[in-house]
Amino acid sequence: MSFLIFSQTFVNALLLSLIYVLVAMGLTLILSIMSMINFAHGELYMFGGFGVYVILQRFGYNYWLGVLVGVLIAVLAGVLLERTVFRPLRKELLPASFAALGVGMILQTVALMIFGPLDKDVPTVFPGVINISGVFIPMEKLVIVLGSLAVIGAIIVFVNYFRAGQALQAVAQDSEAAALMGININRINALGFGIGCGLAAVAGGLIAPLYYVSPYMGMSPLLKAFNVIIIGGLGSIPGAVLGSFLLGFIDQFSLTYLGYVGNIVGFLLILLFLLFRPRGLLGREIQMH
Amino acid sequence: MKTTKGFIGVMFILALAILLIAPSVELALAQESQILKIGGFNPRSGPAASWGLNTDRAIDLGADEWNKKGGVTIQGKKYKIEMIHEDDKARAEEAVKAVNKLIYTDKVKFIAGPMMSSPFLASAPIIEATKTITFVGCMAPAVLKDRKYIFRITVPWNHAAPAFFKYVTKIRPNLKTSVHISSNDATGWSSTQADNDSCVAVGIKVLGSEFYDAGTQDFTSMLARILPLKPDFLSFAGTPPNITALVIKQARELGYKGQFIHSSNCSPDVVGPIAGWENIEGMLLGTFTINGEKVPATVKKIHNDWIAKYGQENAGGFGDGIVQYPLIDILSRGVEKANSLDPDKIVTALENLGTMDTVFGKARWGGMETYNNNHQLLIPIWVSQVQNKKLVLLSLEEPWDVPPPEQKWR
Amino acid sequence: MLLEVRGLTKYFGGLAAVREVDFDAKSGGIMGIIGPNGAGKTTVFNLMTGVHTPSSGKIIFKGEDITGCKPNMAASKGIARAFQQATLFNNKTVLDNMLMAFYLESKFKLRDAIFETSSVREREEEIKRKAYEVIEFVGLGGMAEKPVKSLPHGHRKCLGLAMALAVSPELLLLDEPVGGMNTAETTNMMKLIKMLEERGMTILLVEHNLRAVMNLCKRIVVLNFGRKIAEGSPEEIRNDKSVIEAYLGADFRAA
Amino acid sequence: MRKWSRLVGYVVLIGLLLIVPQFVRDPRWMHLVIMTGLYIILAGGLRLIMSTGQVSFAHAAFWGIGAYTSTLLVMRLGVSFWIALPLSGLVGAIVASLIGYPCLRLKGPYFFLVTMVVGEILRLFLTNSVDFFGGDAGISSIPSPNRIRIGNWAIAFPYRSVNYYYLMLVGLFVSLFVYYRLERSRFGMICSGVRADGSLSESLGVNVMKYKLTAFVVGSLLASLVGSFFAHYTTFISPGFFTFNESTIMLIMVVIGGLESTTGAIIGVILITVLTELTREFSKYEIIVYGAALVLVFRFAPGGIFDLYRKFISRLRSHRASVA
């Protein structure tokens, strides 16, 4: 019995962690390259959600097409934003971050004006539940997990085996040095920012059927993503993965075994991290201008 | 030099500010008669906007009814009702500013429909001090306790839930055990308190009560605690429809077979699509509805008016909005009975309205026991259930004037 | 002995930027640290000024162990530093930069900010005077009100030096003082450095321009791959095998 | 001459502020004026913190800490407001130094992330402890400050009386004095130096940490004092007053006004409070306007409105000079 609870919680934690990874990845990528906190991440996450909503719910086309559309729009928006807003603010943490906050506000209100404040439902795309001797795994969560794993894999491959990816890494480590190596910083930044935004949209698109779609859907995932990257280490992609798992498990288990008091546990953990190991698990101090 | 320029800057701006203020002071003096101004403040922007807007719409529809009749009669003169809605952005601070504007600039004598406790409580001192007669829709006990000019139009859980669950035991005697799920805030706590107390009062065993934190979307951890207890039904109270839907969906995914019950206002039109209609078939709700099956014609009419005025959006008119439809009706009756605009006269008149039959059924004032005034409207609780994607009205239940004894749960 | 560096070592991650370096500096005179790119010259400065803490080794200044004390402590003990790429407060004027630089001189307390006593005001006036003096000295006279953004590279370097002087140091660390300067600027800067030497200031400089180093310095320390490979008078260094190898000959004989 | 104009400036300003109640009789606008004053103190403090290159997202939280401390002292322990006021300031300062000491030494976004988390934890903490902190329904009917006796005449503070304005004014004068002195003295110079280039400042002997911490503690202390006053003025507080959003709004005020100087912050506050009140019916566009403002300011006018105004003035000057 109690073992059943444990194993169910364990599975839930696993699923939740991978959802966190999906959201945190883009945030940390952008942080590592532009050394800014992308407060607009939640709104780009929303792009994915609305992509699915419009394509699937309004026009009744294929779900994946919806995700794709959402992602493409997000990437475009990302590149555009980098060019117009963030490029001149590169390596200026606070200005860039607050400009991002402003961008987020704008995007949110625009979405509000287009779609209205009511929560939109997205039909279950992958119905059904897998039952392994009393431990339940919803189908659609499984899909998300696979998606999330795919994304992690793709990022790892891209960063390590593609020229652009390696350039990305170089810029993240030391943009000056990278520039000396003849890397076009501007292009790489645009690329990185675009990918980051795309990742946010992927997350939104995959998670949309699980919950619902609304202009405010990005808020709580963003907060979680913050906590994840604080724990994992700012600007470190492996850190983001590690942090997601740590936080995912802590959230699930504390809530399951402590009840609503568990809400505060995660935050206390984060505070402890910030006070005693501010770099997080795998973080390094971010280079400033 | 720098300093001087700085201060000149400040003075410049200050002067500007005061110049901006002065004219509106003048404006406030302009006042014409023959109009009964009724103010209202609710969130009309931000995440809670849809909630607030629905409430305001419901109230406006009520006002339209009276204006069609030519308005409110005071000493032979007809007063048209004019609604002035302000946006409090769901922020206590903004609510105070809104109420200031309504009372001091628009010179309203009445305020209708604030439905968020914290913003209302922040502005309550002004309302009482200026004898502004206010009908509220927010549930916290502190809202009504010892007030002189504040009435409550919505029935809080501790009055409604016992009636609701009494009826539930009548039609579903097999439901013996329950777990209550609610948000981890004042609303959630008082609603859960009420639900638990009522269940005990009517002989349902409460196996536990769970609280989720604002912004939670994944309830699997909570459900992992609940489901092993094998409750006959999961009960929600004061839980917004979208959250209710998520919990239901995830509960079913985790293999829960039991019933779902929402003892207060909640729109199946929102829950259904997100949770999946098949999952909420037979769900019992304590919510008002204007387009459900078996609702009286008078109520159906509201539905048509709604569509005529606002289109399809939220045409269900469920939730905390439509509850306040009778507000203007009751207020106007009170004013006509008092036959004057003197707040104290109107209060006494209102208190002595006796049994009013409203569009939602026979209602009367109560609550002396709890709030030591009779300012709590006891309007019937609508119990209805979901049957193939429609809400079917089952019965109207008289809420309890004296809530069941409180027990310690948290 | 003003400065003793003993077995100074710094690891960044795995690799050693500075390894077992030791040298002394008597008070007075100019000492040079040279070496090819990435030899760890700047790192030595960073270690001496507490920007980095040594992995091992000691730095003794005036007989006092100052290993790994914070930069501001180093400054208050009398070690000043002019940065490689003339680092200045770019959004300010020359004068403001100087006033900022006289921080230690100002003996500023928080209560001075709130209660602006006459003594404080006098002190500030005094500092202003000194600031003008130094600006004059480094040859930026008449540019006090100019924003440093608008200054040419040479002048920026001079201002950097001036700011270091404001700390009224006993040991002055110059990181490539003539780096990226044209000949005129270079000669001017070298004149300045000589003047400072005559004033009895101890100067330690890192420089690529070997000609400059050779005719400025009495003693020269040569680093390569973080190790000290030679130390001695300019002549000795010129004829030192390992040094010549390190520099692959060419530009070296030219010097 | 300069001294003169400055003196005149002071006198006119103070005179103007003293007679405000004479022609702002409408309680609505009186309340707005008082709130503006409070926000000026808050924003000024945030400006001070930001002048060292740090941003505190816990500024509203400190406002709340002050409010709750004072409220609880007065209501639970029956302490007089006039004692609770400084005590709440003290509590704020202590909390600030506890948070600031470990976190301010770190470069990068750490500090403002910490403050974000601190704010959120405070909210959770307050909402979760119903019995003591009143949960998120807050605490109602907070007593007003008890009367001050001077000789045989006393100043009382009945609900919404004009005396609150004068009390606020005292606070405003004191804090503005502090802010301007800190800004215009060497302290301000060093702060901006620290913001511009920390390592250079350090190499000149500046103890960077000390200045960041001082700014943070002073700012938070004044925020807590405001909180204490605010609680007894509005007689109702709830966690909703002191959330992340409130901090963000203060931040926007400072940024738009211009964080180069306290004057900028003041302008920002007055502009936003007055405009939002005068454009109530357009409130649903508020957020998008804030957003646009943030982007535009950081992208094109980092100095904010006041800086633009300054530049404009100086351009006029030079123009006049060239004409003459």
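Labels A, B, C and D are assigned to the chains in the order they are written; within every chain, residues are numbered from 1.
Here is the rule we use: contacts are C-beta pairs under 8 Å (C-beta built on N, C-alpha and C of every residue); 3 or more make two chains touch, one makes a residue touch a chain.
Only a predicted model underlies this, so the values are computations on that prediction, with no experimental measurement involved.
Enquirer: Grab the C-alpha centre of each chain and report whichever is closest to the global C-alpha centre.
Expert: Here the chain at the core of the arrangement is D.
Enquirer: Could you put a whole-Å number on the gap between the CA centroids of chain A and chain C?
Expert: About 46 Å, centre to centre.
Enquirer: Where the centres are mean C-alpha positions, what is the separation of chain C from chain D, in Å?
Expert: Computed value for the inter-centroid distance: 42 Å.
Enquirer: Can you compute the centre-to-centre distance for chain A and chain B, using the mean CA position of each chain? Integer Å is fine.
Expert: Whole-Å distance between the two chain centres: 36.
Enquirer: Which residue numbers or ranges of chain A touch two or more of the other chains?
Expert: Within chain A, residues 223, 260, 263 contact more than one other chain.
Enquirer: Residues of chain C that touch two or more other chains: which are they?
Expert: In chain C, nothing touches at least two other chains.
Enquirer: Mind pulling the residue numbers of chain B that touch at least two other chains?
Expert: 49, 184, 213
Enquirer: If I apply the definition of touch given earlier, which pairs of chains qualify?
Expert: Going through each pair of chains, those in contact are A-B, A-D, B-D, C-D.
Enquirer: List the residues on chain D that touch chain B in their complex, please.
Expert: Counting only chain D, the residues touching chain B are 2, 5-6, 9-10, 12-13, 16-17, 20, 23-29, 31-33, 35-36, 124, 127-128, 130, 135-138, 140-141, 159-160, 180, 184, 234-236, 238, 240-241, 245, 261-263, 266-267, 270-271, 274, 277-278, 280, 283-284, 286-287, 306, 309-310, 313.
Enquirer: Using the touch definition up top, name the residues of chain C that touch chain D in the complex.
Expert: 49, 51, 70-72, 75-76, 80-81, 83, 87-92, 96, 99-101, 103-104, 106, 108, 110, 112-114, 116, 124, 163, 166-167
Enquirer: So in the complex, which bits of chain D are touching chain A?
Expert: 53, 55, 102-103, 106-110, 112-114, 116-118, 120-121, 124-125, 128, 248, 251, 255, 284-285, 287-288, 290-295, 298-299, 302
Enquirer: Help me check something: in the complex, which residues belonging to chain A touch chain B?
Expert: 1, 4-5, 8-9, 12, 15-16, 19, 116-119, 121, 123-124, 129, 131, 134, 136, 138, 210-212, 214, 216, 219-220, 223, 251-253, 255-256, 259-260, 262-263
Enquirer: Which part of chain A faces chain D closely enough to touch in the complex?
Expert: 31, 35, 37, 85, 88-89, 93-99, 101-106, 108-110, 112, 223, 226-227, 230, 234, 260-261, 263-264, 267-268, 270-271, 274-276, 278, 285-286, 288
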